[in-house]
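Labels run A, B, C and D following the written order; every chain starts at residue 1.
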Amino acid sequence: MEPIGRKRWAIAEGFIPSQSSFSERTLVSACILNAGDRQAHVDIALFFADREPVGPYRVTISPRRTLHLRFNDLEEPAAVPRDTDFSSVFEADVPIIVQHTRLDSRHAEVSLWSTTAYAEA
Amino acid sequence: MEPIGRKRWAIAEGFIPSQSSFSERTLVSACILNAGDRQAHVDIALFFADREPVGPYRVTISPRRTLHLRFNDLEEPAAVPRDTDFSSVFEADVPIIVQHTRLDSRHAEVSLWSTTAYAEA
Amino acid sequence: MEPIGRKRWAIAEGFIPSQSSFSERTLVSACILNAGDRQAHVDIALFFADREPVGPYRVTISPRRTLHLRFNDLEEPAAVPRDTDFSSVFEADVPIIVQHTRLDSRHAEVSLWSTTAYAEA
Amino acid sequence: MEPIGRKRWAIAEGFIPSQSSFSERTLVSACILNAGDRQAHVDIALFFADREPVGPYRVTISPRRTLHLRFNDLEEPAAVPRDTDFSSVFEADVPIIVQHTRLDSRHAEVSLWSTTAYAEA
């Protein structure tokens, strides 16, 4: 398949509630598609309101595969702080597509909402 | 009408819950508009986390018509697996517009959310 | 202000439930911004699954004004059929911005979801 | 990091319910990311259905920082009128990314929906 997508993406919205909140069962996710025939190496940086960015978080996606990445699960170089606004920037070495989704983990993780992220022209 | 749309689209998010789950009543849909004066032939490929893509699913849309396609109904070459993350890529021979929508089949299929898909520049 | 927006927009998703359905209180809306200094004349065409398009619906937006247009209220040349899938295309003579929104009329018409429409490049 | 984003953004949808309504607990927000190494000065103009635009509201975002701006909190040059449709245009002196989000303030301000705003090409 001819490559489809862009190499740079950004999501301005981000927030993971703490476990003690009512909303502990929602998960914040970035769905990433690598439709091409080469492995995708994706570096993710997280931005905050009042401290320096953290990253890169490194993700690898095999050719012709999709990854539904949960921000909740990111650990290295640091867990994503809860109850804290953040943004994210994705930089890949091949074209990918990124969609920002909020999931409800109670019921087979059905998405509550979803929006195509910003792609750098 | 002057043609409007793009020939290549992608949706990174996709998930159909199994019938046994609480969310069995939600449907995942791609609304496709062919506003032009020529028939649209659309090939859809589905991408997964851990297996090769499946497709093409072939859809035809008459000139000046819209199709609200349910992923739940796709059968050929294979039904869409339930409880499984997937992404989709649409390739058409004329410009189309694709919007990704989650429906609630209980109440006249009102949409729960919807987002314009990624269009290849 | 320097002009911002595009002259051609499309929304692939559209559905107005009938009054007898549970969802009668939801409204389908297109929010249209004319940020420029010239009046905007917008022609809207509706597309269906199994009949020819209907339109144009003609809307005028004064300079530096916004219009939150409800599809439910469109009357001329024909009311929008209920319980029927449709798509819409917007063609303006000046740049505008279009956002697709579903409203809940019970509570001060708070939006249930919203997504930026497709803009022709 | 190489700059990412655009300098001009628009959100056609906007509505803040009054405190007396059922929906008083929802907040309307614009998440703004300044991923670059220079401070961002953002001028925001609000557009209405039946009066002249109000603005600029001036916001400053430090380099490599995100701001989750609530329209509810805007005060200068005027508070945002409640129960009133509005649109917004963002003009920055460096590239930024803007995402439109509706929050529920009851539960750690979890977002109800979110959509990438319109970016001027």
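Everything that follows uses one rule, which is that a residue touches a chain if its C-beta (ideal position, glycine included) is under 8 Å from a C-beta of that chain, and two chains touch if they have at least 3 such contacts.
These numbers were taken from a predicted model, which means no experiment stands behind them.
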Chain labels contacting chain A and also chain D: none
Interface composition of copies chain B and chain C: same or different, split at half: different
Interchain centroid distance [CA atoms averaged], chain B/chain D, Å: 31
Averaged-CA centre spacing for the pair chain D and chain C, given as whole angstrom: 22
Residues of chain D engaged with two or more neighbouring chains: 113, 115-116, 121
Chain contact graph, described as a line, ring, star, complete graph or other shape: ring
Parts of chain D lying in touch with chain A, wherever the complex brings them together: 1-2, 4-5, 31-33, 35, 64-68, 97-99, 101, 106-116, 119, 121
Residue numbers on chain B that touch chain A, as the complex places them: 8, 10-15, 17-18, 21-23, 26, 45, 47-50, 52-53, 83, 85-87, 89, 100, 102, 113, 115-118, 120-121
